[in-house]
Amino acid sequence: MSLEVRDVSVRFGGVAALAGVSFDVEPGGITSLIGPNGAGKTTAFNVITGFQPPTSGRVCWAGTPITGRRPCRIAALGLVRTFQKTSVFSTLTVGENVLTGLHLRGRTGLLAALLGRRRVSEEERTLREEARAVLATVGLDARRDDLAGDLSFGEQRLVELAVALAARPKLLLLDEPASGMALSEKAAVATLVRRICDGGVTVLLVEHDMRLVMGISDRVLVLNHGRLIADGAPAAVQRDPEVIRAYLGAVHAAA
Amino acid sequence: MEPLLQHLLNGLLLGSTYSLLGIGLTLIFGLMNVVNFAHGEFYTLGAYVTFAGLTVASVSFVLAIPLTILAGMAVGAACERLLLRPLRAASIDTTMLVMIGLWIALQNAELLIWGGVAKSVPTPFSTQPVVVGPVSVAPLRLFVFAVSALLIAAAHLVLARTKLGKAMRATFQDRETAALMGVSIERIHTITFALGAGLAAAAGALLGPVFLVYPSMGDLAALKAFSVVILGGLGNFAGAAVGGLLLGVAEELGAGYVSSGYRDAIGFVIIVAMLLCRPSGLFARAERVG
Amino acid sequence: MKRVVGVVLVVVAGTAPFWVWNAYHLHTLIMAGIFSILAMSLNLLLGYTGQLSLGHAAFFGIGAYTSALLTLKLEWSPWVGLLVAILLPALAGFVIGRLALKLRGAYFVLLTISFAGVVSLVSVNWMALTQGPLGLPGIPPVELTLPGLGAVSLRSKGAYYYLVLGAVVLAYGVCRRLVHSRLGRALVALRENEPLAESVGVDGTHYLVLATIVSAGMAGAGGGLYAHYTRFVSPEVFLFTYTVTMVIMVVAGGKGTLAGPVVGAVIFTVVPEALRAFASWQWQMLLYGILLIATLFFMPRGIVPELADGWADHWRPRPRTP
C-alpha cells in the first residue's frame, strides 16, 4: 500500500503554500517531512488526509485516487493523522478518547443501538478491551478513567497518539508529535514511533527536532517555500547544500 | 412596464433600510464574530423611542431620528459592556445563547411597557404621493430613503476616513498588533457594537412610521438582517449595502408578482439558498479553507 | 442512592392521577410530560451533537398538524396519526440535516430558523390545507381498544396522563440507548472536536443527519400528543415562544445530560403555572430571558450537573487534587 503524491499545489490568492510537490511513500519504514516554518508541511498533511483540497495535482493511495475526498473516508482507507496543535477530546476520559478512535471498528448503527442487546454489549466489551490494549502500548492504561483535559501536556500528546493508533492506520501521519516535550519525553516518543513502525505501520512524520528526525528516519523529505528540495537518506539530506541554505536562510531572516 | 418600475422603486426605497440593518449586523457578526440574535430588538427599540419622542415628548420627527440613534448606541454599548465583555473568552455558542436571552428579555419588556397593540407613528409628511413620470412615491418613503443613504454614507466615512475607523479595521484584522499599537481593544468592541445597534435603531426609527410599531416587529427584521449579511458576505460593508437593496427589490417583486402573503418568506429563502450554495456571500473571493 | 431516587420517582409519577386531585394540576403535569419529550429531542441536537436548532417548534408543529389532519380529514386512527406525526417531521429533519452538510454553529441555527419561518408562513397562508389562522378544532381523542372492554376513549386527564407518561419513558429510553452507544460517542466526539473525530473516521454529516432525524421525530411525537390532548391546533404552535421555552428547559436543566431536559421541562412548566396567578406570561417570558442569561453566566452547565456534583461531593467528598 503506497502513497503517491503527484504535482500537488495549494494556492491561496497569490500565495502558494505548496507548489508542484511530488513524492511517494512506500510501505514500511519511517519517512520524515522537514523544512523551515511555513514550508508547507502541515498543508501537505492536510491535502493528503482530505482536510484541504489541493488547487491542482492528485493523491493516490494503493492505486486509488483519494484527492479531495472527505477526511472520514480517507481515514477508513487507513490513513490517519494527528494534529500540530494538541487535539484530544478534553471533556472525555482517556478511555473514551480511545474508544472514539475505535469508531470504525464497531458496527452498531441507529437501529442496533435502539433494539439490540447482546450483540451490542458484546461489541462494546470487545472495543473496551481493544482500547485498553492500545492504551497499554502508549503506557497510559492506568489513566484511562481520568479526563483527558486533566493530563499533562506530554500525556495528552500520548493520548492523541493512542486515538490515532486505535483507528488501525496503515499509514500514520504524525504532525510534530514531540513538540513542546522535555528531552526524556522526546526519547520515549521516538522509541514508541519506532515500535509502531516495527509493528507494521508506515509512518510519515513532520518534526522540527533534527536529532529526533535523523535518529529514527529511514528517509527524509525536505520542503521549502512549498517546494520539495531534497529526498533521500538522512545523512545525505543533512549534507545537501540546498537544504543547509534553506535552514540557514530561515535563521538569517529571523536574525 | 410601469408596475415593474414601481416595484423596483419601492424595492430600492425599502431596501435602503434593509441595508442599514445589514450593515449594522455585518459589523457585529462579521467583525466581532458575535451572533447577534438581539439585532431585531435594537430595531424595535428604535421604533418605540421615535414613537415615544413624537407622542410623549412632542419632539419633531427630524430631531427624533438622531436622538433614537443615540439611544440605540447607548443601549448597545451597555449590552456589550455588561453581557459580551465578560464572556469574551467563552465559546461562540454561549454568546449566541446570551443574545437569544437578551432578545427574549427586551421583546417582552417592550410588550410590558407598551402593550401588544400596534402603534401608528405620526409623521409630518403628507400622505399624498409624489408623481414622477410613470412612478409615484410617498414623501415619507422618499425621506426614509434619503436618511438611509445619508447614514450609510456617514457610516462609510467613519469606517474609511477617521482614526476610529482605522482603529476598528485594525482591531478586527489583527487584534494583537492593534493592541501593541495602542488601540484599546475593549473600547473598540464596545463602539463597534454600539454602532451596529445604532444603525439598527435608525432603521427602526425610519420604518416604524412606514408600517406599524409592535413588540415583535424585530423578529422579521433580524432575519432579514441576517439574510442581507449572508448575501453580502460577513463583514463586507459594501456587500451589506447592496444586499439590502437586493432584498428589498426581491421582496417587492415577489409580493407584486407571486404572492403578498409569502413576502417575508423571501428573506428566509435567500438565507437557505445562500447557505447551501455560496455561504461566503455573493461578492466574496475564494477563501482559504481550514 | 441513584436507585432509591429512581424508585421513588417511578412510584410518584406512576400513581400521580390517584393523588393529584386538582384537574388543573394534572393538566400541568401532562403538559410537563409533553414538554419533556420536546426538551429531550432538542437536547439530542444541542446537548449531545452541539448544534443549536432554533426551529424545533417547526418539527413540533408539523407533528401536531400531521396527526390532526390525518385524523380529521382522512379519519385515520389517532395511533396511525401519532406514528406519522413522528415519521413526517423525521423526514423533514432528514432534509434539513442533508441540506446542512458542512454548516455548523450560527449557520446551522440560521438554516433552522429559516425553515421554521417558512413552515410557519405556510401554515398561515395555505388555507385550503390548514384553515390558516382559524386552526383545526375538534381533533378526535386517542382511543384504546382493550380486549373485553371494547374501545376506550383516552379523553379523561388521568388516562391521557398515562399515555404521555408512557411516551416520556419511551423517549427517555431512546435517548439513553442512543447516548450510551457507539452513536452517542460519535455525536459527542463531533461536538467536542469535529476535525479530530473526522480524522479517525467519524462521518460528521452522517451523524448530524441521524441526530436531526431522531430529534425531529421525537419533537413530532410531542406535537402529535399535544394535538390529541388539546384537540385543537393553530399556527400558534409555530410561535417562537415554544422554541425559546424548549431552549431554556434544556440549557437551564442541563444540556448534554439525560435528566437535565426532563428536570428543566418540569420546572419550566410547573413554575409558570404556579406563578400564573401573580404574573402574566409576558413577565414570565421576560424572566425567561433574564434567567437564560443568568444561567449562562453563573451556572453554565445547568441545574442537573451542578446538583449532581454537589450531591456527589456531599456523600463522597473528593480529595482536592494539588
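The chains carry the letters A, B and C, assigned in the order they are written, with residues numbered from 1 in each.
The definition used in the following text is that contacts are C-beta pairs under 8 Å (C-beta built on N, C-alpha and C of every residue); 3 or more make two chains touch, one makes a residue touch a chain.
Remember, it's a predicted structure, so these values are computed and weren't measured experimentally.
Enquirer: Farthest chain from subunit A, comparing Cα centres?
Expert: B
Enquirer: Indicate, using Cα centroids, the chain positioned nearest the centre of all protein chains shown.
Expert: Of the chains present, the most centrally placed is C.
Enquirer: Would you mind pulling out the distance in Å between where the CA atoms of subunit A average out and where those of subunit C do?
Expert: Inter-chain centre distance comes to 41 Å.
Enquirer: What is the distance in Å between the mean C-alpha positions of subunit A and subunit B?
Expert: 46
Enquirer: Any idea how many Å lie between the Cα centroids of subunit B and subunit C?
Expert: About 33 Å separates the centre of subunit B from that of subunit C.
Enquirer: At least two other chains touched by the same residue of subunit A: list those residues.
Expert: 51
Enquirer: On subunit C, where are the residues touching two or more other chains?
Expert: 195 - these are the residues of subunit C that touch more than one other chain.
Enquirer: Listing for subunit B: what residues touch at least two other chains?
Expert: Residue numbers touching two or more other chains: 290.
Enquirer: Mind listing the subunit A positions that touch subunit C in their complex?
Expert: 49, 51, 70-73, 75-76, 80-83, 87-92, 96, 99-101, 103-104, 106, 108-110, 113-114, 120, 123-124, 127, 163-164, 166-167
Enquirer: List the residues on subunit C that touch subunit A in their complex, please.
Expert: Within the complex, subunit C contacts subunit A at residues 174, 177-178, 181-186, 188-189, 192-193, 195-204, 210, 214.
Enquirer: Can you tell me which positions in subunit C touch subunit B when the two form their complex?
Expert: 50, 52, 54, 99, 101, 103, 105-107, 109-111, 113-115, 117-118, 121, 124-125, 195, 240, 244, 247, 251, 282-283, 285-286, 288-293, 296-297, 300
Enquirer: Touching subunit C in the complex: which residues of subunit B?
Expert: Per the stated touch rule, the residues are 29, 35, 83, 86-87, 92-94, 96-98, 100-109, 111-112, 219, 223, 226, 230, 259, 261-262, 264-265, 267-269, 271-272, 275-276, 279, 290.
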